[in-house]
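Structures follow.
Here come two complexes built around subunit A, the first alongside subunit B, the second alongside subunit C.
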Partner chain A sequence: MRNNNGKTSHLSLRLWLFLSVFLVMASLCVIFGYIFIQGGSELSLSFLTNMPQGFPLGIDGGIWPAIVGSFWFTTIACIFASFLALPTAIFLAFYAKTTRIVSLCHFFIHSMAGIPSIILGLFGYTFFVVTLDFGVSILSGGLILGIMIFPFIEVRVEKTLLEFPKNIMQASISLGITKTWTLFHLILPGCIGNIASAIALGGSFAMGATAPILFTGAVLFAPSPRSIFSPAMALPNHLYILVGQGVSISKAYGTALVLIILLLVLNIVPLVIKMYRKER
Partner chain B sequence: MLPILEIRQLAVAFDNKKILKKIDANFYPHQITAIIGPSGCGKSTFLKSLNRLIEDERGVSLSGQIHLDGEDTFTLSPEEVRRRIGMVFQSPTPFPLSIYDNMAYPLRYHGHGAKKNKKSLDSIIRNKLEDVGLFEEVKDNLAMNATLLSGGQQQRLCIARALTVEPEILLLDEPCSSLDVKNTQNIEMMLRTLCQQYSIIIVTHNLFQARRISHQTLFMLDGEIIEAGSTKDLFENPRDSRTAEYISGIYG
Partner chain C sequence: MKKERIFVWTCKAITLLAISFLFFIFLFIAKESFIFFQKTSLLHFLTGSRWNPIADPPAFGLQPMICATVYVSLLAALIALPIGVGMAIFLSVLAPQKIQRILLPLIDLMAGIPSVVYGFVGLMIIVKFFETHFSWSSGESVLTGSILLAIMILPYIVSTCCESMTKVLHHYQQTSRALSVSKWHMIRYLVIPSAKKAILAALILSLSRAMGETMAVMMVIGNSPIFPHLFRKAETIPALIALEMGGAAVGSLHYQALFAAGFILMFVLFAFNSFFFFIRKRIEEGIK
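Let's turn to the complex of A and B:
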């Protein structure tokens, strides 16, 4: 009997595993497929390259300023977050002297990851927009998105650095080479694919976020931004307005499709980098 | 004969757990010294103290003196000490670079990187690869990634790489433990030749190996050196009963 029980639970475990994997794959396909079908008819060159038009605004025309705006928000967020996350990860992985400091920093970083994005938006408004007087702008929105994705990037980069074999690093150090030189000539070049992938994933997280830029950078309508001090449209915010104000459901699906395609492209970038590096 | 490396009262502890208990030892030039002893007796820690690699580990405290050619190593920079005392690890540690770049990496750091030095860089690399008997095997594949070499070739590459910076002493931490008999033989023969130019300190689990290749042997137990002397004496007439027990195979 016992044997039989083991077999049954083994079978049900396998079934559970199989079903979970299947459900995840299937739901992803359904979401993508649905958006492709619904938004596909809207997709055209003029939708991609025109300004939103009509009344209420957005019922006609395209989403070009929102694409450009999202691009800038994401770029600034990635630059700012990487600027903070890379040194933090390097410090925690290689230079922190005691485990106490490491645990303390991890506590802060994990807490930071848990801050609701709307609260980050509120903070960004009072700090960047009002106190630092950056105004409602790409800069304010990008910085607050950067703060949002910082823990996301830091954790992944730190993990990658820690996975770099310790004995290889010791071999370099025992050749009389400093840790810093080893870091820049051996470890970082070896991890560059995974670091790029962490930044790109962080970027796609930022590109899809609405709440942080709601009060700090994104507006209902703006032409393609001229500088990082001007406010801009952003794809997720535009989508929110199109649906929330009942402007146009079909335009909303078109926007959603463009956003999803951009996210897919961002996720493919690190894969291409890795493949390219493998070939070399 | 004056020792090249003199260790006085060396004590190492990790978070207050004593690993090495005030060790004294001498190592002589152009000799192979084998360090033997059961697992966990502090052999590897001892070896890593000699080139100050141990200082990078968390929670370590260290006291005592190490003199290299009469100079106190703690007054030198750790980089200087490590350049003069090379190290090879238990499992091969090829960098994820080409064979050529593995060899050029330390040379570039130590100032052989300039373009006009390309010829001297090439000749050092060739010489050192010849010293470990690897040049003939890889001369047509220097651009190949070093991680694709066999285990024995990788280990010889690591030895050659350690020699590029012209150390005076070479530390080896069980370099043959992951290799087969043939590769082990290769490395042992090579070490016998290399000791004409360098002083070699090798940690080994393999008593036969210690006996075959070393001039001096040092037996460690529980963080202390129990007995040190010429390999022949130590194996044939151990003075301490614990040495006798160990070499007759009583401890694992």
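Let's turn to the complex of A and C:
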């Protein structure tokens, strides 16, 4: 308190804040810079479009089946998660009668979000693979990824719906228009951009996940999948195998870069939607 | 009107289905582990110090893994908390709007980097650093795992703290400005004391994320089921499950033991998450 006016005041506070900002930014730059610089030289058209080759597998060739596999896993996860999340969000935002039900549901959804991914993998294995007999397949892996991103999407969609101007719903009700009509003709069209963003971000989360599909859908090698009942390769698992078994570090850099670029693309979708809507 | 009723009932049914998955997860993990606990006592499982599922008779002692999980996570939270809180203060109080608008999405992006990529980078940078600069037999250690985990949980700490600090700031900003209180004084005597609960919430959230983290930790910690030491290899519960699940036959004692380990992890994290949920709720109510 004594020297509260000079530039030297709160020196340790300044030092602490400066150091923390520096450390966070440095680690962010190191991670992205490292992957981009090391992976950049590995990236080529043949790496993207070829099958993995050589022995041990992956030491040569490309990652095409892993890209296709990841795309399938992510698509199924997004469809299943949206199927669960949109009605849940609509119910909690507009139709739930008491706040007690809403906060109870919020608690359950929050608990689901807190389940670690490896436990989801265990559950997926006993439930989808063994009990429902879907086998190790894109379907099993996609469904478990869908359960993983369901809370993520639901929370964001519900927030969007609640932030939509309340007077529209009130005006509709006082005009004798049903809630459902207002929802489908006025509110959902207004929120569609934010809903799509939430799904895209959820998709990026699913695409990077390894543990849930480790024993439910991803395999060491598979050709580009023909049906959702066959197992497939996935980018994060391919990366894990390349690194964990020391197959090829240079191919691992390339795979990591491709994964990061795909995630960045999915993360940019919301920004593009926002800009597009502003222009209109 | 009939259509409306059908729609509302469909929404209700799907909500119920979504939430029932939580119970399914709990039930299926519990079912397998209870078969295990009928054969081995819970106390033995938690305190036994040997893990050797293929020995005869097999030994299932989870104690080294429990200790390693707690050790790595606590150390990571200890490293990450001051950095994350500092960053949150900078973002909410000092950073101009423009910088805030660039940095916040970057922090979110950091949370979105897949854990295998973190593990890979950690292996190539942190593990290599310890191997070349210190004369350790292997760079894979509890310390390496905690440093990597600390980086991974930073975004959760920053966003949890930043959210509540911004609210506190809005509450006091006009009065402080009118009294011409310096920003630094405000941080020291207003923002930090009133963010105590938010920091506690961030700590709990980050601990629960850290304890459940699988791939990144598994790639840098060495994975040997021995009692953890700061500079030596160790193995966490998620890593144990991820590594051994592929080799365990469905229905075998080993398979059930892995489910039991998962059940204990899930139970602890459920408690942590519930605690976090209620603290955050109280913060929100307190500010309103």
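As a working rule, the second predicted complex is superposed on the first by the 254 of 280 C-alpha atoms of A that agree within 3 Å, B and C clash if a C-alpha of one lies under 4 Å from a C-alpha of the other, contacts with A are read in each partner's own complex, and residues count from 1 in each chain.
Following the convention adopted for this analysis, contacts are C-beta pairs under 8 Å (C-beta built on N, C-alpha and C of every residue); 3 or more make two chains touch, one makes a residue touch a chain.
In this text, all values refer to a predicted model and were calculated from it rather than measured experimentally.
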Subunit A as common anchor, with subunit B and subunit C clashing or fitting: fit
First (subunit B), second (subunit C), both or neither touched by A:I168: first
First (subunit B), second (subunit C), both or neither touched by A:T98: first
Partner chain in contact with A:G208 - subunit B first, subunit C second, else both or neither: second
Touched partner set for A:V130, first subunit B, second subunit C, both or neither: second
Touched partner set for A:I192, first subunit B, second subunit C, both or neither: neither
Touching partner for A:V269 - first (subunit B), second (subunit C), both, neither: neither
Partner contacting more residues of subunit A (subunit B vs subunit C): C
Which superposed partner A:I79 touches (first subunit B, second subunit C, both, neither): neither
Which superposed partner A:T178 touches (first subunit B, second subunit C, both, neither): both
Lowest inter-chain C-alpha distance for subunit C and subunit B in the superposed arrangement, angstrom: 10
Residues on subunit A lying within both footprints (that of subunit B and that of subunit C): 178-179
Partner subunit B, residues of subunit A touching it in the complex: 97-99, 165, 167-168, 170-179, 181, 185-186, 190
Of all residues in subunit A, those that touch subunit C in their complex: 4-5, 9-10, 13-14, 16-17, 19-21, 23-24, 27-28, 30-31, 34-35, 83-85, 87-88, 90-92, 95, 105, 107-123, 125-127, 130-131, 147, 150, 154, 178-180, 201, 204-205, 207-211, 214-215, 236-237, 239-240, 243-244, 249, 252, 256, 259-260, 263-264, 267
Partner subunit A, residues of subunit B touching it in the complex: 51, 53, 56, 58-59, 79-84, 86-87, 89, 91, 93, 95-97, 105-106, 108-110, 158, 161-162, 164-165
Of all residues in subunit C, those that touch subunit A in their complex: 1, 3-4, 7-8, 10-12, 14-15, 17-19, 21-22, 24-25, 28-29, 32, 82-87, 89-90, 94, 106-107, 109-110, 112-121, 123-125, 151, 154, 158, 182, 184-185, 187-188, 208, 211-215, 219, 238, 241-242, 245-246, 250, 258-259, 262, 265-266, 269-270, 272-274, 276-277
